[in-house]
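In the two complexes that follow, subunit A is the common piece, with subunit B as its partner first and subunit C second.
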Partner chain A sequence: MDASSFVFPNDPHVPWSIMIVLYPYITGLVAGAFVVSALYHVFHQEVLKPVARLALVTALCFCAFATLPLLLHLHHPERAFNIMITPSATSAMSGFGIIYNAYMLLLIVEVWLVFRPDIVALAKTTDGRLGMVYRLLSLGDREITKESRAVDEWLIRALAIAGIPAACVLHGYVGFLFGAVKANPWWSTALMPVIFLASAVVSGIAALIALYLFFCWRRKVSPDADCVRAMSRYLWVSLTVAVSLEMLELIHMAYESGAEWHAISTLLTERLAISYGVVQVLIGSVCPFLLLLLAVRPRLNPRWLTALSGIASVLILVQVFAMRWNVVVGGQMLSKSFRGFVEYPLHIGGREGLIAAAVILVLPFVALIFASRLLPLWESDETHALGSNPLQTADTRNSPTTDTLISVTNQQRTMLNEENSADPDSVDYGAVVRNEHV
Partner chain B sequence: MTFELNILNNGGGCNSGDSAEQPCGDHTGCGGCSEAPDDSSRRQFLTKASTIALGSLSLTLLPMSGDLLSDEPSLDNSDGSLADTGSEPADQSEEVVYGFLVDTERCVGTGKCLTACREENNVPEGYARTWVERFVHYKDGTVQVDLVPETGFADSDIPPIAPELVDRAYFVPKLCNQCEDAPCNQVCPVHAAFTSPEGIELVDPDRCIGCAYCVQACPYGVRFINPDTGNADKCTWCYHRIQRNETPACVEACPVDARVFGRLDDPESELRKRLAKIPTSVLKEHLGTHPKLHYVAKSGEVI
Partner chain C sequence: MNWKLIFSRNTRHLRILVFLIVTGSGGAFFVRSQMVPADYGQTGPYRHAALVEIAAQPSVLQSDSTCLKCHTNVEEERSESPHAAVRCLHCHGNGKEHIADAEKAAEFPEHMISPAGEWDGDFRTHTDLFITHDRATCLSCHTSVVGMPDAFLSINVAEHLDEQGAEEINSKNVCFECHEGHSPGL
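Entry: the complex of A and B
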């Protein structure tokens, strides 16, 4: 008996567009990036120090734009605040208001605390409009003492600890949004929140590797090989976990062969053959798995490490996007009649079109570049300048200016510290930070 | 064979159904007949929902049912009334629960219910609050499912199917199941989806944010985002009509009584009597939504 192609009459109007693909993608990057910063702040993975600040600011920049795709998707965005004013206790979606705002607040406070010494210093030493921005950001507190910094450090760690479950809730609930829809057999699985979480961590680490390498290239400094190697290891482990969970879910469905399996298998093999089979599994999972396996070898040449990790990270970022696409769009392609499929017409223009989606994806990166100019994201430049990194010599050979400037910066830093040694509480962070901005 | 011929060639020979042309009296020109016609009543439902959520007030402060049922169906014998329930008018304090029965053995696919619904509720083209599926079981073991056009098959361009190729065929009308445990209601983040005291799932057009989560959650594909209003839209069993003692437009338009609407709470209603005597079933029972829409002679292929 064949299931003829038949879809319910309302099903062709696919209600969740690429905007709903972007939302879990962006929140996943937020959660993943935060986990990396937490590995440094909570679990003292000193090797991640070069990216600790970048991780936090990346999380904040992406979190700031996480609501944009939702607002573009809502047919009544002017009523968006209803979700916070009159949330329904039975709806997973209504948790959005509390979860998102709490997480955003946590990120803002943590970023502010981490950068407070820099902000205070810059507020004292920067003139003009930019100086006013720093003075505003300092919230009037221009005094950094050992005691106040100790409190800050304690708070940073406490927030980082609180942020781990918060990140899990932020992204776990997004997975729950899909996993709890019993009407859709492609979504309805208790594994969905876990899969979303695992892939969030994967995407966050991959994004940080890619961003770190990008910023190093842009600043003409060498990446910290140990840091890249450590992140690649974390990425390899989390990718293995995430893909295993995804495959476990699929194998479980196939093995059980429930009533809807026929429709799901057709969906995967015919409708999602490219985006699932080729992009998500082959290019996005198998290739980076092998690349990272090569990259994490201890004695690998740092250049190869950078190249392999960079390529793998970009592929993984594509994989996670494909995974979100296959879940969100793929799930809606399957008609609730389970007898046919509908097409999702991805428009180029319009509120929920490809251009709008591309702009939303670019905006966090623009914010990140802006933030990198406003705040000192790189606090470990001196380690590069001192030549502790085997890559350093080779890379800076062609950029003597950078090398000289960094050396000067460190000399000045040493001098400043010596000058202030009598009163260590009143270190002129402004001078240090200003020099780092060279 | 005559029955099959009707299904395969002309979809039945009904001549009635002009009553479906009746306009929506209280909502002329409105696109929101899906919603409760009484604004004050709707606000009270929402007040109740908020109150429960806050856990701060007693439900006794909100005597909704009495107000809402002030328009209680009088069950007279006028055309299109609820007279077929065969019961006495309910006491105003009595809880009224409506139910629906679809008899797939009676439906002949005229499509008159579809036209009646679209006109009654201003349903946009390309969307459906109700539809009728045609199942054709061929002798080679394959099953073909398609939609009955609003004109019926007889007046459509769809070529007829040769009867000698077919084992059996039947029509299955679909509409909102008005689930007791409605997933659409459960997932709505802003209380825009709510249940009337009579158990009808409604949409508050002033609260809906158009997130479409309810559209995803409905296992029966009944909900959609209305392109004209931006709100979630769905079959309400013509709530505005039953408030006026009338049956839903599709029920009134059906020439063969394949759609039966009535009170589930009344043991004397025709609906209850038929449910008691005939084996019936519901759609996607395994999902635990507990629909109040029941089917007579529903084949296993129908989901």
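Entry: the complex of A and C
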């Protein structure tokens, strides 16, 4: 490790590598995606319906890989269990075990409840190993009634409500970990959890816009312009809040001009000039701010809306990564002496290298594509098909109306629902089965 | 929501789910009870026996008193020098092998103590005892940097060598032309 100027002998290197940059980045995406799903489930933002399921599954897929960077960073990954089995009430880091497990459980249960009608329908209509998977996922109960859906929907809403503070705690605590390091003036601020949370929401919405546009492109369907516009509005507002908080913190430090400011200003203007000044502020904040301002104009052509929102979202994803990098690595480059800087050599290979980081970042997307093949992520009239009515007998299930994965028109569905409504327990709840795979 | 539904057949799937969660959590708590050592938490968030185990480990870093048992002249040389505050291992490495050698020599006088090598400027390759005349060691403390207290003697090496009229300004050993490590005459 190269060091410059005056660095304490016990402070010559950067212990928290790119893996610790990835960890808040991924958990941020989880929290942000969940907030979008909560806007639909809790606050009934119907305009977000096209991405509601995607948001929830995205949160689950990213959450499933959130701990991977930490495990790679630990030289003894098996020690990760120690933090779980012997938690300490006075350690913020050990709070992770409880917060992460609780949040993961909440996400799994909510996803399961949301997709249960589809899982049940697919369990009845799919054969082979895949059918076995669906039957396992249905947990042995393949009966859906109006009452059971009512209970499920009540629970989904309750979980979404509980999930909002849980998502805030999950990501807020990551910011808390950094904010509580009092020896590091670049981290030590009570605003840090709020800044992390705001940027988490930003990254989650940006990721959803990018993913939604990507999946629409793969499915060769037009994105829902109202949905993209609404998400772009949310993105613009949350970006403004997040960047304002980050800048407020910086301006506050500069105005105070404490003993540490000369070191922090050198850090930002020299050591992090590219990743902070150019990538985070200019390319990642100012450009998307302006692009989104153009994108959210009500009469904008949908093509332009898609293009502008898509570009802005990708830039914002880069911005949030740069922000995590500048906080995590930048904070460690600043020597505790405030009189010197250390370098962080980012290796290509190795357990904590660039390739490993890229693989970790790709894995949630692979999981998402896998999930999109397993579960119907899209709710649209064109792709609805009648799932088998869970209460129907095997004979009736073979009828054309409940044949697997057939598309029907709204008129047909209305007629079928009218027929079914004769039996109050056998109402078809529009078990939505996707007839196309991404 | 109709609370009677909770016990009806309409919520059978939820009862299965709760059963799985409770069973899974119970299993996790059972595994935890098996994994956590019995003496964990007796004296703090660690195994109590770990204190005894760590205390029994041979020390790697040596205190000055270990070195000065044999090198009595060094204690005298640096007694009046600012370097009295500098620990031996800062400039000579931890010397674990050297001390093991010395202890063996005390028992068996015919045992030869291997001499310390010259430091090659890299702590990663030279981790045990070494003798250093490399100016990098001196400059790790005495390079002038912004914010260094005035009382601490720090130099701009090029200016200092110029002022002192040093001839071999690129020599690694240049500091030792005028200064002696234990008593540098500062």
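As a convention for this text, the second predicted complex is superposed on the first by the 377 of 438 C-alpha atoms of A that agree within 3 Å, B and C clash if a C-alpha of one lies under 4 Å from a C-alpha of the other, contacts with A are read in each partner's own complex, and residues count from 1 in each chain.
Assume a residue touches a chain if its C-beta (ideal position, glycine included) is under 8 Å from a C-beta of that chain, and two chains touch if they have at least 3 such contacts.
Predicted model only: the values in this text are computed from it and were never measured.
Bringing the complexes onto one copy of subunit A puts subunit B in a clash with subunit C. By the touch criterion defined above, A:H75 lies against subunit B but remains apart from subunit C after alignment on the C-alpha atoms of chain A.
In the superposition on chain A, A:E143 makes contact with subunit C only, not with subunit B. In the superposition on chain A, A:V181 makes contact with subunit B only, not with subunit C.
Of the two partner chains placed by the overlay, only subunit C lies in contact with A:V109; subunit B stays clear of it. Comparing subunit B with subunit C, more residues of subunit A are touched by B.
In the superposition on chain A, A:W154 makes contact with subunit C only, not with subunit B. In the superposed model, A:P15 lies in contact with subunit B only, and not with subunit C. Of the two partner chains, both subunit B and subunit C are touched by A:F338.
The superposed model places subunit C right into subunit B at 2-10; the other stretches listed in 2-10, 56-64 or 218-226 stay free of clashes.
Overlaid on A, the two complexes show subunit B and subunit C touching the same residues of subunit A, namely 6, 9, 86, 88, 91, 338-339. Within the complex, the subunit A residues that touch subunit B are 1-4, 6, 8-13, 15-16, 73-77, 79-80, 82-83, 86-94, 96, 177, 180-184, 332, 335-339. Against subunit A, the residues of subunit C that register as touching in their complex are 1-2, 5-6, 8-14, 16-17, 20-21, 31-32, 35-36, 40-41, 45, 140, 143, 145-148.
Chain contact summary for the complex, subunit A toward subunit C: residues 5-6, 9, 81, 84-86, 88, 91, 105, 109, 112, 116, 138-141, 143, 145, 147-148, 150-152, 154-155, 262, 338-340. The touching residues of subunit B, when paired with subunit A in their complex, are 49-50, 53, 126-128, 131, 133, 141-147, 174, 183, 185-192, 207-213, 215-225, 230-231, 287, 303.
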